[in-house]
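Just below is one structure, and these are the notes that go with it.
So that you can tell them apart, the chains are marked A, B, C, D, E and F in the order they are listed, and the count of residues begins at 1 in each.
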Amino acid sequence: MYDIAHIQNLVEPNRVHRDVYLDPQIFDMEMIHVWGKAWVYLGHESQIKNPGDYYATTIGKENVVMVRGKDGKVHVIHNRCAHKGVKVATEGCGSVKGFKCPYHGWTYNLDGTLQGVPARAGYADTGFDMADPKFHMQKVAQSDSYRGFVFATLDANAPSLKTFLGDAAATLDNMCDRSPEGEVEVAGAPLRYIHDCNWKMFIENLNDAMHPMVAHGSVGNSTKRLAAKLPKDVPYPREAEIIFPFNSSYQFFDAMGVTGLPYGHGYMGGKQSIHSSYSDVPGYWDAMVKSYGEDRTKEILSQNRHNTIFYPSFTAKDAIQAVRLVKPISVDKCVVESWHFRLKGAPEDLLRRTILYSRLINSNASMVGPDDWDCYSRMQESLRSDSYEWVDIRRGIGKEDHEGQALRSFGTSDLSFRNQYKAWLAYMTTSSTKERAA
Amino acid sequence: MTTAALEKLDIRDIEAFLYREADCLDRTDLDAWIELYAEDGSYWMPVTPDQPDPFTHISLFYDDRLLMEIRRINFTQDASSLIYAVRSSHIIGNVRIKSWDGEIAEVTSNFHAAFFYRGEQTLYAGRYTHTLRKNGDSWLIQRKRVDILNADQPLKSLVLYL
Amino acid sequence: MTTAALEKLDIRDIEAFLYREADCLDRTDLDAWIELYAEDGSYWMPVTPDQPDPFTHISLFYDDRLLMEIRRINFTQDASSLIYAVRSSHIIGNVRIKSWDGEIAEVTSNFHAAFFYRGEQTLYAGRYTHTLRKNGDSWLIQRKRVDILNADQPLKSLVLYL
Amino acid sequence: MYDIAHIQNLVEPNRVHRDVYLDPQIFDMEMIHVWGKAWVYLGHESQIKNPGDYYATTIGKENVVMVRGKDGKVHVIHNRCAHKGVKVATEGCGSVKGFKCPYHGWTYNLDGTLQGVPARAGYADTGFDMADPKFHMQKVAQSDSYRGFVFATLDANAPSLKTFLGDAAATLDNMCDRSPEGEVEVAGAPLRYIHDCNWKMFIENLNDAMHPMVAHGSVGNSTKRLAAKLPKDVPYPREAEIIFPFNSSYQFFDAMGVTGLPYGHGYMGGKQSIHSSYSDVPGYWDAMVKSYGEDRTKEILSQNRHNTIFYPSFTAKDAIQAVRLVKPISVDKCVVESWHFRLKGAPEDLLRRTILYSRLINSNASMVGPDDWDCYSRMQESLRSDSYEWVDIRRGIGKEDHEGQALRSFGTSDLSFRNQYKAWLAYMTTSSTKERAA
Amino acid sequence: MTTAALEKLDIRDIEAFLYREADCLDRTDLDAWIELYAEDGSYWMPVTPDQPDPFTHISLFYDDRLLMEIRRINFTQDASSLIYAVRSSHIIGNVRIKSWDGEIAEVTSNFHAAFFYRGEQTLYAGRYTHTLRKNGDSWLIQRKRVDILNADQPLKSLVLYL
Amino acid sequence: MYDIAHIQNLVEPNRVHRDVYLDPQIFDMEMIHVWGKAWVYLGHESQIKNPGDYYATTIGKENVVMVRGKDGKVHVIHNRCAHKGVKVATEGCGSVKGFKCPYHGWTYNLDGTLQGVPARAGYADTGFDMADPKFHMQKVAQSDSYRGFVFATLDANAPSLKTFLGDAAATLDNMCDRSPEGEVEVAGAPLRYIHDCNWKMFIENLNDAMHPMVAHGSVGNSTKRLAAKLPKDVPYPREAEIIFPFNSSYQFFDAMGVTGLPYGHGYMGGKQSIHSSYSDVPGYWDAMVKSYGEDRTKEILSQNRHNTIFYPSFTAKDAIQAVRLVKPISVDKCVVESWHFRLKGAPEDLLRRTILYSRLINSNASMVGPDDWDCYSRMQESLRSDSYEWVDIRRGIGKEDHEGQALRSFGTSDLSFRNQYKAWLAYMTTSSTKERAA
């Protein structure tokens, strides 16, 4: 483990050292200091509607289960049998009365407390105590949910989820408010996309407004070329409506603006984004007005954040009901999961648009994702060059405006990078939960 | 399906047609490939084995002719993901005719596609379900559904049809 | 074998039957799969290429109907090794009729089975030797011998027939 | 390399630290301290019947060859050419007049001594000496065989094989005694099974009586369900006879008892085991009585040890003539080899039963092995959880009876685990052969 | 090619012949394999997809009968690279007749060869181009061109024909 | 990083420690100290004939591009975008007007200097300076070419290329002189051959005269056996002419002699080699005499170096126009590339012979290369044996003659090994460019 000084030397105001992307020891420290302290998004309550429903997933490298208790409460417990450490629930979702370990049959209640041990007499006079948490599938330090989005942290000292989310929560609020019922629910299985790069490259890219017109120029031009052949009188197909904004000008993205928030969060846009000029979906407006009235509806639909980064674990859109989780695997590997949501009470066509958007932009088989993928991989590969050891993040430095806790700047500024590394440095240079536990 | 009608279907013709489609992909000849599809034809690669439709659930691929055209053009542009050699070798086997009403034939087959991209060879394997419409003495693809064994698993980029 | 007899064998029928068996496995439909076997039929996967018999030398698989039945039931129980998705795609090729006496046909073929289990895709490849008994206008499997290329090498769990 | 204190902290009376299964450095130390000092089983003399027959295998990570010399003696030599270190004999068995290195043609006698060097004049006045052991395929420190089972150790200071085996030898004795000729011979090639877990998980499992009724409940129930459909009047098929005992009750296994011996060895059963109620094989009894007389035959057949652990390298059964070797590959990978034996002079049907047993229970394609495999993998995976760092081995602690060097307890006690870690700790905290050599 | 001539070609015969050749390799029977080649026949595995000839550009394989003979003998000697088990399973699919003039047929096919050597299984995949000369009621191989997908990539040793 | 003493202990006059082949840390140090200081061969000028033509390759683990500038000069630059470190040019050759990074579109001139940055206004007042080399694709420390062979070094303090090459240059001279025009050009794509061994095993093998008659005995005998069947009156086929010399006697190779040069270079033969008795190619002699006159032609054709080692990065032949590059991947993996050359103005048949030679001897599918491969792999595998930790290089020690800077000895001497490790030790124990830069 590196000492604080070593870590501090990796982050300078206008550049970060390549080791934050390349050094396996830094990655191991991140699992403890960043992923071991931040609130990490696990999944949505709609994935575990009924008591006994669970979803087994990870916080960094830690196997956990989010499960609906008998009482309807959501519990997040470590996915580890207290006997000899076997993984109790297998990846993904399922439904059980209680958990049973496949090896020797220890059973656990839905809140992780030990329910039973076979032939228990064998433990007489051994100090074995059913009530002792070390014989349970232990609860994670803290868990909570916001508008149905379930988070957990391995750090007992972490601030409240509300504090952690801060103004970033408004993105989740808006996503839900866009439902006439004020609720979203998960629509099916996620896309899973292996990336041969450090997890931070993905997260950082989501507020990188300098890359779309370049990295995604090809699909934009191709679409333009095809559109040119289409009959002039009919409106553009929705596909074009989705793809074109990726070729927007630097001015467009600058105007969109970028915002940095505490804990490394941030977003682009606000009132205007690449999603703002989508054409209307029949029936939606009426449904919304019915629920919210015209003014509130206008207000809701006027919010348009491009990508909101919830550092370190996921990003969300509001106008498009989709979130993307990053799962760190190793210093040069991560998996990105794209999840999609249905706006309860809204026309199915909105889900169709979200699905279409994700298939065109996020899918492994899209004409957008693979170009990002290629850039990440090539960055991961050539960062090892000894010609220069730093990654530049100076763009727009000194041109930020403070608005309360928020930092604002023109959209193509590197503000978001700097804001993320400010949070990263804070996480990496404060004592770990483990240290505090010891 | 009437046996009579069925008898009129020579599985050899079907196989030859499937081979021809695979050959277009192995030669990365998207111009010829698209011509094998009906105007309202589609290419679909779902994420889950039991996926009901491509519209309300995410898919890896769901291309109608419009998207096929965009992809065809993009394939000739300068996308950084497409400056590499893309090569494949498809083996199509166990071809079976599921139904044939004299106009539409539904055909299932197994496929193993060795796919080479960015210096890595990957084997994609699974099942094809071709909905074919008789077109003179050949066929047009109404829909091709591609179920790969690991569609719901983490995968890398898919830069060409399988 | 008499050429006369041989002429009466259409390799297409044999192939179709082999595809049907593979399809049962690809659909993990053991109920239908077992029905393809004779009452005294067996499924054998030896450990060595030249293995004389399944009784005095260890094999990976040697199931008679009794064990097939147990496996079929176990496949529907809660064995911890079987709570995962099990998926396969078999390609059967190079089918050749070795002998045919009008009642029993010995057929060899090559196979590549892409097998998905516990998040890993593995390619099992080798040769099938089917001993088929004529049964009306279809066949029953008297014995299926499966020689995989790496049978004598360290392998992981094999939770389903190949 | 960790110091002694660090190692000692990994083993407590009622629990062991996860690092013994997870830490690559511990694994590297095990190769030197455990596998570099213990007597390791290599193979059986029947694999190398004639002079020049060899079997190339490993001791931990060390490549060695067990070979039958001209004089009929068994030699165990390092499989390394003294010239530039090329592996001379390839894996597995073969037959040669002498060994020849494929690179520059140095030749070696069957005892590993250097036989010839091409164009030897080139070594004139270089201090090259044919007689110098460093120019030989060197003998391992010690090798010996017991009832045809060949062992070797890399430690010159290791106790004699007899001392090392102690009462565990009785299992090999009984396996051989069950042959009317008092000898067994290998029957063909082994099963090889890759395990994605630490090697110790496999060894420890073999005396883990708490898992069969749970981990193997499925195949037991399936067999019961089928048996129910079978005609009542005919006896159960041998398959059922073999599978059912795996569903025996805790009481049954408790009654079987577990025994711990010096050096980490141990066994379950003794008089009674899951094999005791196998039906008779026609002709066998007579053959045995003919050789041994009735009393001795009764005595031989009355011994029934379930699994005997010869720590660290293999396990053996007596009533079933099979041994299982574990080959450590890395901290989270090992290969298990199942070898089978013919009882010389006994009806072939006994071999058939051994083969059937192994196919039903040990095979990668059995309905038993894969369930163990799944539990090991899930243990390896979730042990990394930070919720609790220990593996529990307290069951039955304090309930052991001493009988001479042996420790006895009820069958489902964790005695065997504790006994293995006692030996493990002793190996890991005493100086290595290398240190002593230096 | 005249349709008339073409009609006379039964693709089944061609397939059977290709299977026979693959079978010789899967059985590592080089004696039988060589017999399938014309006296002036050759086996060619280029390094680049568009390689014009085997003489002025390096190839992985280019064996005329002379080199085939040396290889056949060498295969039975004590080369240290050949003391290991060499096993393969070829699947040949998508067989198509490109031309047929009544004497020479050019046939393309896709192949996946699972190759086992030194404890490792490798999948070699690509395309065969067979130039076949009619020989009585069978065929002789005039040239076999083997294009593997990764011919220009770093590869390990190739100790037998694919 | 090991200290100097540790490194020095790895090399003794008559043996080297196994760690030079096995230790990943040694490999990492080699990338800095050996591959970071030596002149490394990149490619040939004929691969980049016109301005904008480039070839992207590596120096050790460093991605570089060799490119023809507008001015026709060859530049060698680091293949890394100065913005965030993306690999700009993809592997292999191509032709461009300038370089453009795929991620955010920074553009670079052919000499690596920064040409443009999109929306540059965003960098106002950030200290961003187009002229600052840290915003360029930086030039490597030194690059130069010799007779069209392009070399580069990452060490600014490295001696001149001419000094580095010394008498080894004569091999490249002779290869070129064998062209009536005095020039060679690359003939197509290379063979690429993955080796599961340390890179040094390959380089060392090229002057190892003790191995051909043993490791390549099989193909020699097979060819003899076939040749015996061929009609006596016709001359041997060229194949035999190429293969037979590999079975030459120890005397033959001893007579050939071996020469060690500064910087670890060296060669076998000189006047006589395995290539000397190739039969003539019609028209070649006349073409040569026309260009050089008879005496000079005789002189040129009389030089016959078997393999010349240009330590550490490649080997070359003169009589056969081929070079082989070794690309270190990891401590136990490397890739060998075989490149072939056309003698400008000479009959095409000479290229055919070079191609035939390489296909018969170097190809992954030849009957020669795989036998070397097998020996390397088995050396890599059994070197880990603890029975003896050293690799012997004593053959012919003390039997060297000094001729100026050259050391000569009989062909089967280990002189070449000792000479390479002398250079290796010098590289490894002097300060790295990085250290000096700091």
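Some notes on this structure:
We adopt the following convention: contacts are C-beta pairs under 8 Å (C-beta built on N, C-alpha and C of every residue); 3 or more make two chains touch, one makes a residue touch a chain.
Remember, predicted model here, so these are calculated numbers, not experimental data.
The chains in contact with chain B as well as with chain E are C, F.
Least step count on the touch graph, chain D to chain F: 1.
The chains that touch chain D as well as chain E are C, F. Ranked by separation of Cα centres from chain A, the top chain is E.
Distance from chain D peaks, on a Cα-centroid basis, for B. Two copies of one sequence, chain A and chain D, touch each other mainly through non-matching residues, since under half of the numbers at the interface are common to both. Chain A and chain E have Cα centroids lying 51 Å from one another. The geometric centre of chain E is 33 Å away from that of chain F, both derived from CA atoms. Centroids built from CA atoms put chain E at 28 Å from chain C. Centre-to-centre, using mean CA coordinates, chain B is 46 Å away from chain F. In chain F, the residues that touch at least two other chains are 90, 102, 215, 371, 374-375, 378.
Counting only residues that touch two or more partner chains, chain B has 80, 91, 93, 112, 119, 123, 153.
Each chain pair that touches appears in this list: A-B, A-C, A-D, A-F, B-C, B-E, B-F, C-D, C-E, D-E, D-F, E-F. Listing the residues of chain D that touch chain E in their complex gives 90-91, 102-103.
Listed in rising order, the residues of chain A touching chain F in the complex are 14, 18, 208, 210-211, 213-215, 250, 254, 371, 374-375, 378-379, 381-388, 390-392, 394-399, 410, 412-413. The touching residues of chain F, when paired with chain E in their complex, are 187-194, 196, 215, 217-219, 221-223, 225-226, 237, 239, 243, 335, 338, 340, 348, 351-352, 355-356, 358-359, 363-365, 367, 369-371, 373-375, 377-378.
The touching residues of chain B, counted against chain F in their complex, run 80, 83-84, 119.
Chain E makes touch with chain B in their complex at residues 11, 49, 91, 93-96, 110-112, 123, 125-127, 149-150, 153.
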